[in-house]
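Structures incoming, each one as structure tokens.
Okay, so subunit A shows up in both of these, paired with subunit B first and subunit C after.
== the complex of A and B ==
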């Protein structure tokens, strides 16, 4: 550690600035797409620098370049006053740069200690990773992070995995820690904890580059904000030099409504009795470990109604939504779609009965990454796009292009592979596909997770529109505000059961939050 | 009364016949743990067998022949390494091509060595005398102690491999590459280097196995001396669920089958046609596992087995 420090201070003396990182004119093209165009970025010592931008703005691409995962097509990267070529994550690490990616980058089948040992450069190749356990314990207590060194990574929660990655960065004596949308999957408690760890790192003289698409979050945590839009830097100033409105405008390029429009007929508890489209009776589902994840849940959803399930993640929402979608076996109870018993039928039968699914795990259940945008778009609508079993190429392309426009999907076109799309754009593609067929029931699980403001508003508007067209919607979301704005009825899930139910008009945020923590009983 | 001579002979042969299988299979476990399936094992073995004979005849030192045979296997495996690890080509196709190359090359270059006896240059037993033991037990004791050093080495190697794979940073890195090369890279591993080294190590062990076949078991060079043993070794890897110690046991079962057919030659026993079929069954098994995701999961195969790693692809 000592050696490293002198190494870095030697280099900084050559530079007149206090810059840890200085990027000049970096561009990156993926085929005909310009992901980054002449980007400049300066990160100072002891600074929390936020990189703000909407979906597809190029944030992930930029930090992937800084971590050596992608190569820039042009531009210079300067670290501690020295021009460097970052050809691989190993190079980046040797310059003191560590990236914590959007999805945890750890080997699931190995333990925490094993994962960290691989990463620890000072450990000889034929040394036992045991030595590292002591170090991990020391670091975790110093920074107030608790990790079980012998735990298998696959058994850790998202935030625990993130903590392991933080420890990893610290073991590597990180100078510039980069985090790609670290808060998306965190509860507000975990988020606060993360931020306090980050502040601790700053105090020690390290720097942080944090990515987010949430304006409020950027203002809360940062010292400096750089705004990226469609691959270009549109502003870079100290936090205090921005006003909220201005920042929002800079991010999306135009002013937008922050709340989704609520159509006139949005009157909860309508007097007209609508037919039931989804009926769940006494449903019991087990999780991967064999424990009961959903216990005796009963729900009825009428046509033209949104029922929101609020709850802290990990209280059975995942298992419930997978069971409803036919992706997970049901242990007991019944699921009826428009009166048809689909309990033990596959997803195909549900789709035919009028069921649409906007999954949480997009890449796993929502799209086929290797197939292109058009192919993914017609996955569920083959019939309407084919004649005598042959695909009507022209119809597909037309309607995909329509979808791309309507949903503002950033893509090179219908023939681009889906895995090349940014996370937010993949989600928009799924929503466009699912809503196209006028479904009777829509199951939306965290439908706006990872979406920027504009896309989130768009998705919410579309859900409300589907509701006006008579769809019954089950919304499972960790975002309480989302549940409150969209739902006619709200139920709270806690430890696999529904513990509280209320209508939108009578819902109180406070009571709901208490119920989410299991402090209220029906 | 049991015929101790027959049983002793059987045990003796089994321990000996298992050596090439153990060495080659353990090598393949290491390669596959890094995510690279190497069907060039048969090729590395046959090259190791010929070079082992040639070097032993030239130098008069069978240990040198054995070691250089291993290096020859490593050299052949390096072709597979370049094609699959560095250039990211199809591993199945490359492996088969490498085996073909090895078989063809040795058939050509080995002509001058066919039938040249290694008498006196073969590995000799470590403990040749069975004093102080009742006569009827002698064959049983001999079956255990009258082996050359390589037989005992072959028992230690799976243990060493287990230590390497599960108790060292190198092993963790190898396994990480086999689980997810992109995560491994992000953790700071040089994926190309680790995978390449694992393939080389696998080739080296296969070469040693081949050299023992010609030096220790057959005692001379004959064309196509391996006769499918390399394929069996590859099959044993999946059968052992990628665990070196299980490879040891699986190899003994296989070797017992082979030894039985020698001893019971002509009498009742395993049909030689059946034995000849095993390599092909093993190969089909491997190809099925690699290509059917579900089997891969069930058997605990390395998640990224058989998948090339090409950088600059979008990561999840």
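== the complex of A and C ==
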């Protein structure tokens, strides 16, 4: 403890000891950009505190400060009544703060037990694997988590990985658990399970700070909600002191319809028979583990039509979209783009045939983080910006600046590195790029996943616009409302097969939901 | 109480990078100097012979330039695969094959008039290096075979090919039993001005400009950088990996072949084993030079000069102080190691806390 004294500043405030965490006047600047401005935040004992805000509101910056990854430029952080300086994640852990990041930080090639052993410093370095496994089992059963300690992390689903992270936090004896957008990749069942685990933690006297951009979720789980907008706290009250409408307004800053706006020429069931642009015949695809992920899927998409694939994630959507994009080998069946057989050809042939791809994992497949906005903008069409093999920078910059304006991308300019943009703006950049060349076919996989309301609405509208321009769109989405709003035809995927198909006009939410759970056999 | 902390840096300035790399180079050089001193060499003598004389004395500087040119040309070539995420160490073998092709042209077209002869020999050498680069290029591009292994093994294949020629069909009967080839015809030898091969130097400088443009302004350079920074996104965008791998390795091979043929027709004039060899391990030094230049083509000019000086100085030390054969390789290794470890100090910050 004496060593840690050096971290403490001299003016130890006499704050309320009910506060697990108390942040006062924290600001953070990145160059000329203000990421956080005089932020106050109090988390009480046994409280689930939700930090609510759009993408780019500064939530992640605040979390990074609390976890010792960034330093605040001003302000005080107080943990259990003592002012502290959190210089690294290790400092944070020593104060009982543990962060579960949006994407689990685990080592894929190791088992669950091996991954967790890393966090077992307190047990000493030479503990037998048996004892470690016992301890993991004990902890997981206590909190209602079921995880196979001997499973390789690479074989776990997203939610299972998240559970491993939760167990790790518990092993570290977490006092304040921070979760950064924990539900973006979860199904509703998994989400409910997570929330019940969190409730269990609270009952034991721990506290939770949950970061999200979903208003409904905030109201569902929280005790207290703090709303962050453009780096400032705009409200902080107990949950019951908010109404839904008010909360939406606070988050967005202006009144906006919660449902996506549908443009007027969007008229489903337009019976004009247009040419087929994408044809999938009896497609079979194998997943990484060698199991069949997509079995015998057939689909036809016409120009000017949106076909939506609904389904709980993990039912073959990922493998299907990768196979269609040319990133995964096909085991059986055919893929034709505008009549051209591209079945086992690479992405290059698809791009040339007029295929556009809005991937789910946008940082991995969609952009090059270390390159700037302009370079990412021309990733697909860089040849059209060139003459005699030389890139015409002027043309690129002009075109990018147009795109930035038209798609409302928030950036410091064409030469800003993409990794510095927020998720929503990265997605807008990808959509801007993919739609630029008037593609024949667009494959959009969870195109609004993790986006704030405004960006999501914009992205959906852009897809509708592309449809009116004659693109055929295959929309794979976990968001049933999104599928229902945008699609002319809806199909449901369950365990790798299409189990139900209907047109938008005849679609019933109930039937679709049952189909997604495999309860309908048509 | 003494505490050492490793903290990640999130914002890295150019000034910091420059400082760290310069320091790392100095540290590497000092480590080598210490090694020499532990051999019993005089500290002042080592530093003076290794670095100062090769850069300040005119006659030594001529030799320095003579080394800097091939090192630099090969570094320029290596930047392409390195920028695309392909780690080729094959410049040495590609250079050797370039030498063989250039020599073969000279021996078979003995009657050709100068200066066409020189151009033909250079083109043949470049082509030879290109062929040697195509092998790993195809294997990498089509089958994704590990390029480090392939290029390394091809270096030894090229050495063996050279040995076969100098001990076999090309061995000169007039070389007093030494395994040397006949000198190549006069019409194929590059003229020099006051000990400096001006043409070679001009080729090197021009190539620097060209490669700088290729990396930064062309479609190919863009595709190469895209693959280096995020291969999955580059592939998804439809950029052909085969094309990138093939071109990177072929061009880098071609430049190594060019460097080799320049060394042959300007400096050595004949092929020989080990200490008479035309390549002299410069293909490996070029790796160090490329990384020292941070894969920036323009920065190859100073980094190649510096390594040229060090190779020159290292060879002097070897001869004068009676050091073992591998001393220049050891120096290369130590410097490369310290430059690469500099990456750590760019990304992380060490904080030492001394308190009660």
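The rule is short, and it goes like this: the second predicted complex is superposed on the first by the 493 of 522 C-alpha atoms of A that agree within 3 Å, B and C clash if a C-alpha of one lies under 4 Å from a C-alpha of the other, contacts with A are read in each partner's own complex, and residues count from 1 in each chain.
Everything that follows uses one rule, which is that contacts are C-beta pairs under 8 Å (C-beta built on N, C-alpha and C of every residue); 3 or more make two chains touch, one makes a residue touch a chain.
Here the structure is a predicted model, which means the values were calculated and not measured.
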item	value
Simultaneous placement of subunit C and subunit B on subunit A, clash or fit	clash
Subunit B versus subunit C as contact partner of A:110, first or second or both or neither	first
Which superposed partner A:325 touches (first subunit B, second subunit C, both, neither)	second
Partner chain in contact with A:88 - subunit B first, subunit C second, else both or neither	both
Touching partner for A:188 - first (subunit B), second (subunit C), both, neither	neither
First, second, both or neither for A:69, with subunit B first and subunit C second	both
Partner chain in contact with A:347 - subunit B first, subunit C second, else both or neither	second
Subunit B versus subunit C as contact partner of A:240, first or second or both or neither	neither
Subunit B versus subunit C as contact partner of A:146, first or second or both or neither	neither
Partner chain in contact with A:505 - subunit B first, subunit C second, else both or neither	neither
Residue range of subunit C overlapping subunit B upon superposition on chain A, of 42-50, 168-176, 312-320 or 330-338	330-338
Residues on subunit A lying within both footprints (that of subunit B and that of subunit C)	69-70, 88, 369
Interface residues, subunit B side, partner subunit A - complex	164, 167-170, 172-173, 175-176, 179-180, 182-190, 303, 311-316
Contacting residues of subunit A [partner subunit B, same complex]	67, 69-71, 88-90, 93, 99, 101, 103, 105-110, 114-115, 117-121, 123-129, 168, 172, 363, 369, 419-420
Contact set on subunit C toward subunit A in their complex	1, 3, 5, 7-8, 10, 213, 217-220, 222-223, 225-226, 229-230, 232-240, 351, 353, 355-356
Contact set on subunit A toward subunit C in their complex	2-3, 6, 69-70, 87-88, 325, 327, 346-352, 357, 359, 364-371, 375, 378-380, 382-383, 386, 389-391, 393
